Amino acid sequence: MDWQRLQTIDRRWIYLVIWLVVMVPLIVPFPIKPKASPPVERLFNYIDTMPPDKALVVSFDYSPSTQPELQPMTVALLRHAFARGTRVGVLALDVTGLGLAEDALRQVTAEFNAHALTHEDSIINGEDYVFWGWSTPAITVMLGMGERITKVFPVDYYGQKTESLAITKYIKNYDDIGILVTVAASAIPRSWINLAQTQFGVRLGCGVTAVSAADFYPYLNSGQFTGMLAGMKGAAEYEQLVADKLKESGRDWRLRGKGTEAMSSQTAAHLAIMAFIILGNIAFFATRRRRK
Amino acid sequence: MLSLEIGHADSDRYLRDNDKIILTPVFFRLNFGVPIPLAVLLLTTLLAPPADVRARDVPNDEGKNIMVTWSPSPDTDVTGYLVLRQTQGSEIWETLGFTGPLVHRFVDDGAVDGTPYAYKVLAQSQAGTSESEPSAWAKSSAQWFDTGTLPALIGTGIFAFLLLYFINRAKKDKSLFIRRISGLDAVEEALGRATEMGRATLYVPGLSTMSDVATIASLNILGEVAKKTAQFGTPLIVPNADPIVYTVAREVVKESYTAAGRPDAFNEDIVFFVTDQQFAFAAAVDGIMAREKPATNFLIGMFWAESLILAETGAATGAIQIAGTDAVAQLPFFITACDYTLIGEELYAASAYLSREPILLGAIKGQDYSKALIIGFIILATGLALVANIPVLRFF
Amino acid sequence: MRRRLPLFLVFIMGLFGAFAFFVPHPPVRQIDEVLRNDVIRIIGALSLVLGVGSIIRHHFIKIQRKAEHWPYSYITIIALVVSAVIGLFGGIDPNRPGILPTQVGSFSFHIQTIYVNMMVPLAATMFSLLAFFMASAAYRAFRCRNLEATLLLLAAFILMLGAVPFGRMISRHLPAFAEWILAVPNTASKRGILFGVELGVFATSLKIILGIERGWLGGGD
């Protein structure tokens, strides 16, 4: 075998294999049931046992380029909140995240309202959730929300006066927020800690891309983040926890989980990369021995 | 049809200390809606009012803020609290705002500095409201020093002193030792290679703005690199993702060409702006790498997820690559795909290293002593924390 | 004078920035806010004009000189002009039309349409290139050359296995071990690097404010 050639293989062969191992399992997935890791479990458990009068706030701080990885997280978080009847506030600090937030809200409210028999079961804008929209600069939003959210967002995304919404009575500032989860592909979660948590003591969770997750472990260890969803795997684990919860409460709706769906593709890609590394090392040692 | 509306009475509850017997109106309402008032004595349970209402100036701020705090009403059916304010000399109590039942503080952000105000808090429930005693008079004022920043001020003072001391010393003693940084030693070799091959040098000063110190550090290095490309006569390409950085980078390169005695070699097309969209910029730079095939790529400054996209494309074109960033998450990608990587603080030491100016090198020595101080503090604090957590040693 | 004026401005502005951090009094805060919000935005807006001018000039020069691949420069210039005109005059989406007709029947080419159907997929495509590049970089770089490289390789393997559900099938302790690597050794080394970085940032800022570091001005005196 020509080990030397294998060592300097044309990288396009590698690209081709990766393309195949990503694409094929997306089309023909193999079943994988994700098991929650501690940071995901901690976030889920906190939201699940939060006092009922406390709200969950989800901040869409990402742009469309990282949507495939981060959108499943926000969808799963919204499902969880609506499944236990928690009030939800939604905002975006990245202006391009507005459309993504609207998409997620529209999708999840439709899922719940499709099974709703009464007004109580329905998820209604202005009563069960509020979509504050976007405002800038981020520092003003983070600090302003500590005093009065309606001051930062006088009108919501749909142009309604936030003061007039029924939900506003229950979500006035950080004191009414059980946890704020920032989903981002940038350093914004750190700003939430510096400004919102340090100054107002609001509890925080985060959802981040796998590539940036290592950056946030120091904050997770110090307890500044209650929990963290890291990459597609974090999203898949949260989806599974939410699906189990829905099933337990007799709502086995089998909702589509894009994070879980991508798991077989991600597993195959990881295994392929490891196979490449092993192959590369075999070639490396074989060439070295021959040289000796 | 007659109906009796008695509202406040609650037969399930018994009298408590603070309950009073008061006169409550009772209406007989006829079916066509005309109320006939009758006054009767009824037992009405009142809410226990919030207690201990305190108002004080919010510290360390620019004034106009008074913080009101109170002990909550012991009643469990409180639905919220109304906060009222009275200005000294006025009889009127104005309503400031409403808080939820679990919140026991309110910031009045509309106070006029120096004017005394008193505050009252009204507990609200389905059964009615009850009012606290007014607080003492409080005035808001602006502070000249934010005491919360005192540790930062002390730290700044110590580090600034160390830096300035060593910079000053370096002016007299010019024999300062600085360890070898292979990434910077390779700069000359990499530029020499580009010259020999007759190909260009690509310099990407990161994707961040001027407010990022990593960008400024990168522009410092660009100055040194540009001087050398001017001397060697190597073509230089500097694409930018931020318009302000573009403007500064252009000036830096222009000045460097002048300083190297080659102002004629500078042309406006060396430094150009591409786009501030992250991946559009990555695509454009990848395109430059693939078309122009620069012999040397410098990727120095602040990078995010595009780091590997740039570095791998550069590696594929066979260029020597020198990267440098303080974005810790991107370091593994650069280390993997580039020939040399400036890790974290090496980026900030680079301009001193390249220019060999003694006073800049002195600053690095100051940094090292500051770091030693921090390490000392960490060891001390870790030791104390350990002592505090070992039961046998706790009495120390 | 050409050099002294920028150095003087940097000194004053740098000192003021530090001063405003410690002093919350209204006049200081107000000036600081004007500088941070308004002045920076004005400079940003003006430099954007310079930026757009730069990209147009860069591509015109290419077309003029018939440099390699010069026809592509036309695409850049046309795309720039078309999207600017639609963005400025064509309205955001069909619900908020502008003065230019940007709808033909049910087909709209508002700026939102361009953004969602061109920008978003193009950006996501570039981002997804990472999957390919990571694989090829890992193939070339992860070799057991020495002890450190072997340790690095082992850590990478454990993390990759821990990051997919397959890792749990091998051993139920594997994901926890991967988590430990991220939370303990990774965090410790990161904090170490960050201390150095922050000190470097501090020293560089101070050197610039005091005019000791002049590389950003093109060096020299």
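To keep things simple, chains are lettered A, B and C as they appear, and every chain counts its residues starting from 1.
The rule is short, and it goes like this: contacts are C-beta pairs under 8 Å (C-beta built on N, C-alpha and C of every residue); 3 or more make two chains touch, one makes a residue touch a chain.
Just so it is clear, the structure is predicted and the values come from calculations on it, not from any experiment.
**Student:** If you take the mean of the Cα atoms for each chain, which one ends up farthest from subunit C?
**Tutor:** So the farthest one, by centre of C-alpha atoms, is A.
**Student:** Between A-C and B-C, flag the pair that has more C-beta pairs in contact.
**Tutor:** B-C
**Student:** Taking each chain's centre as the mean position of its Cα atoms, how many Å separate subunit A from subunit B?
**Tutor:** Subunit A and subunit B have C-alpha centres separated by 22 Å.
**Student:** Approximately how many whole Å separate the CA-defined centres of subunit A and subunit C?
**Tutor:** 22
**Student:** Counting in whole Å, what is the centre-to-centre distance of subunit B and subunit C, each centre being its mean C-alpha position?
**Tutor:** Here the centre of subunit C sits 17 Å away from the centre of subunit B.
**Student:** Note the residues in subunit B that touch 2 or more other chains, in rising order.
**Tutor:** Residues 278-279, 305, 328 of subunit B touch two or more partner chains.
**Student:** In subunit A, which residues are in touch with two or more of the other chains?
**Tutor:** As it turns out, subunit A has residues touching two or more other chains at 11, 65, 211, 214-215.
**Student:** Among the residues of subunit C, which ones contact at least 2 other chains?
**Tutor:** In subunit C, residues 119, 123, 126-127, 130, 134, 136, 138, 140, 190 touch at least two other chains, as defined above.
**Student:** Would you pull the subunit B residues touching subunit A in the complex into a rising list?
**Tutor:** It is residues 80, 97-103, 105, 107, 109, 278-279, 304-305, 316, 328-329 of subunit B that touch subunit A.
**Student:** Going by the contact rule at the top, pick out the subunit A residues touching subunit B in the complex.
**Tutor:** Residues of subunit A touching subunit B: 11, 53, 65, 147-148, 169-170, 172-173, 175-176, 185-186, 209, 211-212, 214-215.
**Student:** Once bound in the complex, which stretches of subunit A touch subunit C?
**Tutor:** 9, 11, 14-15, 17-19, 22, 32-35, 37-39, 63-68, 96, 99, 137, 210-211, 213-215, 217-218, 220-221, 231, 233, 236, 263, 266-267, 269-274, 276-277, 279-281, 284-285
**Student:** Using the touch rule from the top, collect the residues of subunit C that touch subunit B in their complex.
**Tutor:** The contact residues of subunit C facing subunit B are 18, 21-26, 29, 40, 43-44, 47-48, 50-52, 54-55, 57-58, 61, 68-69, 119, 122-123, 126-127, 129-130, 133-134, 136-138, 140-141, 190, 193-197, 199-208, 212-213, 215-220.
**Student:** Which positions of subunit B touch subunit C when the two form their complex?
**Tutor:** Checking each residue of subunit B against subunit C gives 60-63, 142-146, 149, 152-153, 156, 159-160, 163, 167, 211, 213-214, 216-217, 219-221, 223-224, 227, 240, 243-244, 246-248, 251-256, 258-259, 268-269, 271-275, 277-280, 282-283, 291, 305-306, 308-309, 311-313, 315, 326, 328, 331, 333, 336-337, 343-345, 347-349, 351, 355, 359-360, 363-364, 366-367, 370-371, 374.
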